[in-house]
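Each chain gets a letter, A, B, C and D, in the order it is written, and its residues are counted from 1.
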Amino acid sequence: MKHMMKMTTATVALCFASGGVLAQDATLTIESWRAEDQAIWDDVLIPAFEASHPGIQVDFAPTAPTEYNAALNARLDGGTAGDLIVCRPFDGSLALYQRGHLADISDLDGLDNFPDFAKAAWQTDDASASFCVPMASVIHGFIYNADAFAELGIEEPGTVEEFFAVLDTIQQDGTYTPLAIGSADQWEAATMAYTNIGPTYWNGEEGRQALIDGSAKFTDPQYVRPFEVMERWADYMGRAFQAQGYTDSQNLFTLGRAAIYPTGSWEIGGFNDQAFFEMGAFPPPVEAEGDTCYISDHTDIGIGMNTATDNPEAARAFLEWIASAEFAQLYTNALPGFFSLSNAQFEVEDPLAQEMISWREECESTIRVAHQILSRGEPNTWNNMWTVSANVFNDAATPAEAAAALQQGLEAWYEPQQN
Amino acid sequence: MTNIASTGRARAGRARGLSTKAAVHTVLLGYTIIAIFPVILVILNSFKNRRGIFSDPLGLPRGETFSMEGYATVLTQGDFATYFANSIIVTVSALFLILLLGAMAAHALAEYRFRLNTLLGIYLILGIMVPIRLGTVAILELMVDLNLVNTLLALILVYTAQGLPVAVFILTEFMRTLSRDIKDCARVDGLSEYRIFFEVVVPLIRPVLATVAVFSMIPIWNDLWFPLILASGDATKTVTLGVQQFIGQYTVNWSAVLASLSIAILPVLGLYALFSRQLIAGITSGAVKG
Amino acid sequence: MSEATTEQEKTAREAKPPKRRKRRVGGGWHIFVFIAPAVLIYTIFSIYPLVESLRLSLFDGLDDGSAVWNGLGNYVTLLFNPTWATQFWNALWNNLILFFIHMVVQNPIGLLLAALLSLAPRFGSTYRTLIFIPTLLSVVVVGFIWELILSPLWGVSETLLGAVGLAWLYQPWLGLESTALTTVSLISVWQYVGIPMMLIYAALLSIPDELIDAARVDGLNGWWIFWKVKLPLILPTLGIVAILTYIGNFTASFDLIYSIQGALGAPNYSTDVMGTLLFRTFFGQQLQIGDIHMGATIASMMFFIILIGVTIYLVLVQRRLQRYEM
Amino acid sequence: MSDLVLKDVRKAYGEARVIHGIDLDIRDGEFVVFVGPSGCGKSTLLRMIAGLETVTGGDVIIGGEKVNDIVPADRGIAMVFQSYALYPHKDVYGNMAFALRHAGEDKAVIDERVKKAAEILGLEALLKRKPKELSGGQRQRVAIGRAIVRDPEIFLFDEPLSNLDAALRVQMRVEILRLHQRLKTTMIYVTHDQVEAMTLADRIVVLRDGRVEQVGTPLELYHHPCNRFVAGFIGSPKMNFLAIDPIDDGRRVRYRQSAPIDLHVKTRSGAVPTEIGIRPEHVRLVEPGKGAFDGTVFVVERLGGETFLHVDFGHEEPFVVKADGGVQLRSGDVVGLVFPAETLHLFDAEGVAFEQTERHALLG
């Protein structure tokens, strides 16, 4: 084993040596859906990489999230996709690997810097091959307007009932919309509501694995409960929230018109720019005082190598750098709220980001429930979750109906759930 | 002719009475407001800062709300000059090819009897029924083979293929109504079939060409999909794609978003104004008559 | 003119130097030259890719991206597998509703505007130009504008309704299952009404003045002239408008719905149309892997549905619409 | 040198045959008119001579040379079209100069020829105008001028006057005649108007359904139509036709119960006259009871110099008599009709005429 490792290292080193020459004028293009990050890549990350890797140029070429999958697939099929591909977690990227678009990078040294759960998002089911380097996870929770809380004399809620008490107080005061979330774009309902508070009820990983192995069903109470809580949220959401889209919610909150924003940590960067008030964050409230808290610490972004790249050495060099402690430090701080998955020690400077990453210590972590394996067939569980979660908000489905729809969709094709 | 018609109408107009006139103008004015209000709203708000946009969306930009910050962001962040140049090159070239090749094909279909005439006519307008986007993957593979990815030529070719059916359809219909004598006369005068097309037919169909140009221009200028797939590189990006990505990048910065939207609207209006007079002439000459 | 001159002319003509060699009529080459470039570009960049796509519908994809022959299996899946069939019929039904709304709202408005414009009011060309403007805009722009206007947050529509005392009417129309499809349709009507307007306007202008004068002499007033004389004469144009509406309803509607309501046709698939179903199936959607074979199957179905509609129109409707020489 | 010969010329569009083998010989300097009802193939034939339609059988020979495959421009022809076919984007000068410019003719030559043609046609003042600023007559003159400028060996006219009003048509007719006298060039002229044919032609070619019915000088056609069709087509008002019963082996005929009428025709074996034709101008009016039979005048058309009387004597088709301008008859008057035997045309059941034996030979 040790011998093998050495060999691998030697091969990689050799690659580097020869690649170093070849890569003199290599240009790498990165495919990504994170258009918002353009400035950070251009101004911070790429210069840092290029400084340590002379001769390799990197070009960050994002596509808007709504078109990313379609455009990327078309480009991969047509052979024009970039050298490096930012990977969505689990099955989306797994399919790309199976079709031979993403290279097997199991032998990449840098992968050792990551814990297993992080690597799992970009491995085959049997963990035999890795195809993307984990970049970051995002943590779900609630960001609030601290000035408003102070003004109304309320504090971060710890339990569900405290949470609703806080919402009531804000509602009665009338200055602020209690919850900044809408159902128009649907995905927030699934992402920022159901998979945000759900782990608290289904005990995180335990509940997620139970669905995968077929020992639990979506119709079981622990999966229906979050819908019931969401149903109660509707009373505290903005007027006409049915037509309130994602950017509407962002504006509502950052303009100081809403008090609490159910969210993911990826918002921190943007909010820091836009909001003119103090912000705080709290994790999903628990049922009863003293219960274990669960957070969705979702492995969200990885990066892999296009098998069709003309510069595999340069691309591998870049991936090694992504896996390095330097990148972890740079990235986490350039994009507060995107937390590196690296084992390397890195400092989080942003206070809000600090607050959210600290939940990793207090709470149990899990990932979004539908992402691994469960969205492999048709109907797609994650698509379904968007629709039914929005339906619960819109009063178009009862929690029981919503859960039944999820279960019915899953049973239609997922064998472990079929008996 | 025009004079006769308008006096006839003027006479009728007097007889019709004031109340009818008022009703006509009320309806037209009402709908015109509905049509342009949203556009004006966007342009108006693009000159405000973020707070101004939200606190008083319907107000004019005033002292404290007036701001060019949106435009500043757009102009410094995006390479809009390049995007514009790309859009214009693509749109104008594709239009040129659509009009030229479409008119040539329509001329052949309308002027000459030959076997397969009807069949080819049907074949050429079949494309109206199917969105060309369905063939994306094959198009991309084709472009890869031709080494045209990330070139403006790729876009030009696809848009030309996309625009031809409608152009051939409209132009053939119109060319069938052209006098045969004038082409025969040119033949007797010794012009080759090619020169007859360019020197006799093309001048005769100019207004109709303008009509086809306007109808073909809209989907080309506004297309998002093929620039994304075929030419998303920074050097070949079009305005619509640039604006769309800009919106993605500055979701919350509405002054910037509105400014970029305004920037995307203006050139189309300009091109439209350019073709507009000919468009009306073309339409009234029966170019788009069923 | 004296006889002498004429004689001179004739002699001059006869004395003309021998002509250069006479050119012979070419074969049909010029026809080929005229038609070949269009056919070539169109075939390579439109028909071939489309046929290629449709061909895919007869195959089934494997995990590794390769394909196996599946005959009409995909069509059977689409029409009879409950998961697919529900989505398919829902999308088709929504398309038909969309078509219906365009027929009863967009085309009558277009007809009304065209009829009024054809009366040649003052500023007619200004009205016409301005009303056509939305048609020129990209759906990115249109989608964004209307989302803003209808957004509860920005409050523009609410303020406007309030100004006429109707604030209570305000609803988050785009977000309610009951109203979303209608709202999107109306936005599309707003954008595209210029096209029927222009087509009908052109048809109205081509009606000779004598005919209108004759009707006036026969004692018809403006209203009856419109119903009894103009409308029958522009029926063929209305037919064309109808069939263009039908086709556009499948092809053009996608962009707007996708940009406003997303690829899942929110809320709860109430605005899901063939276009969005095709898009997410063909290209995938976040965790949904794109399935080009099922996508191609949907695309082919769409093509057949359009073809059926067009055929019905050609066989049943157009044959009965008489074209009048004018 | 610029004789035009058509040898068994045929035209078919796929299965549909429109010209069935036409033989024709046109001498240099001759003015020939193709006349016939619409759809008879006269325009097609002209266009085949011009080279605008391909010849699907037979030969077109100009000046001794077979031109079936020669492009129109090199056949030495010029053509004037019914719709004038002026290039709307060029002014009068440009229209007239177009063909020469295209042929690369010297500028000075072009100028001279255009000026000359303009002078002949009285267009000097209009050279800078665009076609849409011209009246119909002026446009037609430009169209002719454009043909003149090319100095062709054969002029082809395709119904050039049918878009003009009556007065202009008469005037232009005369101008075309004068032009022919002056240029002495072969002219072939297509019309459906027999008056134009009669007044303009040296020889008339009457066509029907893609076949030549008769070729001859105007008076030959007038006096010796070789069949009922030509007889009815030439002359205005039209010839009157009456079905008759032959008696005495066809030497004499009788209309209904009238007295037998003597005939002066060559009989043909197997052919029996079944119909007589008489031109309105040949019927003589007499007192009632004095003619072959009596009829009642029911319409009187006064043209001033002459009068057309529509007479009813129980005949199915209208029967028209051309009388003097000053004739004192009114609707309702009864008149006697006389058909002078030497003016009668006789036709058999197939419509083929019997040759007259005693018609004055004014008309060779």
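Definition applied: contacts are C-beta pairs under 8 Å (C-beta built on N, C-alpha and C of every residue); 3 or more make two chains touch, one makes a residue touch a chain.
Computed from a predicted model, the values in this text were never measured in an experiment.
J.: Which chains are in contact with both subunit A and subunit B?
T.: Chains that touch both subunit A and subunit B, as defined above, are C.
J.: Using the stated contact rule, I'd like to know whether C-D or B-D comes out ahead in C-beta pair count.
T.: B-D
J.: Among the chains, which one keeps its Cα centre farthest from the Cα centre of subunit C?
T.: D
J.: Whole-Å distance, subunit B centre to subunit D centre, using C-alpha means?
T.: Here subunit B and subunit D have centroids separated by 53 Å.
J.: Quick one: report the Å distance separating subunit B from subunit C, using the average Cα coordinate of each chain.
T.: Here subunit B and subunit C have centroids separated by 14 Å.
J.: Just give me the whole-number Å value for how far the CA centre of subunit A lies from that of subunit C.
T.: A distance of 40 Å separates the two centres.
J.: Scan subunit D for residues touching two or more other chains and write them down.
T.: 51, 71, 73-74
J.: Where in subunit C do residues touch at least two different other chains?
T.: Expected reply: 153, 282.
J.: Indicate the residues of subunit A shared as contacts by at least two other chains.
T.: 74, 251
J.: So, with touch as defined above, which chain pairs make the list?
T.: A-B, A-C, B-C, B-D, C-D
J.: What part of subunit C is in contact with subunit D in the complex they form?
T.: 1, 6, 9-10, 13-14, 16, 19, 22-25
J.: Across the complex, what residues on subunit B touch subunit D?
T.: 113, 179, 181-182, 184-191, 195, 200, 203-204
J.: For subunit C, which residues are in contact with subunit A within the complex?
T.: So the residues of subunit C in touch with subunit A come to 63-65, 82-84, 147, 150-153, 170-177, 258, 262-264, 266-269, 279-280, 282-291.
J.: If you look only at subunit B, which of its residues touch subunit A in the complex?
T.: 50-51, 54, 77, 136-137, 140-141, 143-144, 149-150, 224, 228-229, 232-234, 244-245, 247-249, 251-254
J.: In the complex, go through subunit B and note every residue touching subunit C.
T.: By the definition above, subunit B touches subunit C via 4-6, 8-9, 12-13, 16, 20-21, 24-25, 27-29, 31-32, 34-36, 38-39, 41-42, 53-54, 57-58, 97, 101-102, 104-105, 107-109, 112, 114, 120, 123-124, 126-132, 134-139, 142, 157-158, 160-162, 164-165, 168, 192-194, 197, 218, 221-222, 224, 240, 243-244, 247, 257, 261, 264-265, 268-269, 272, 276, 280, 283-284, 286-290.
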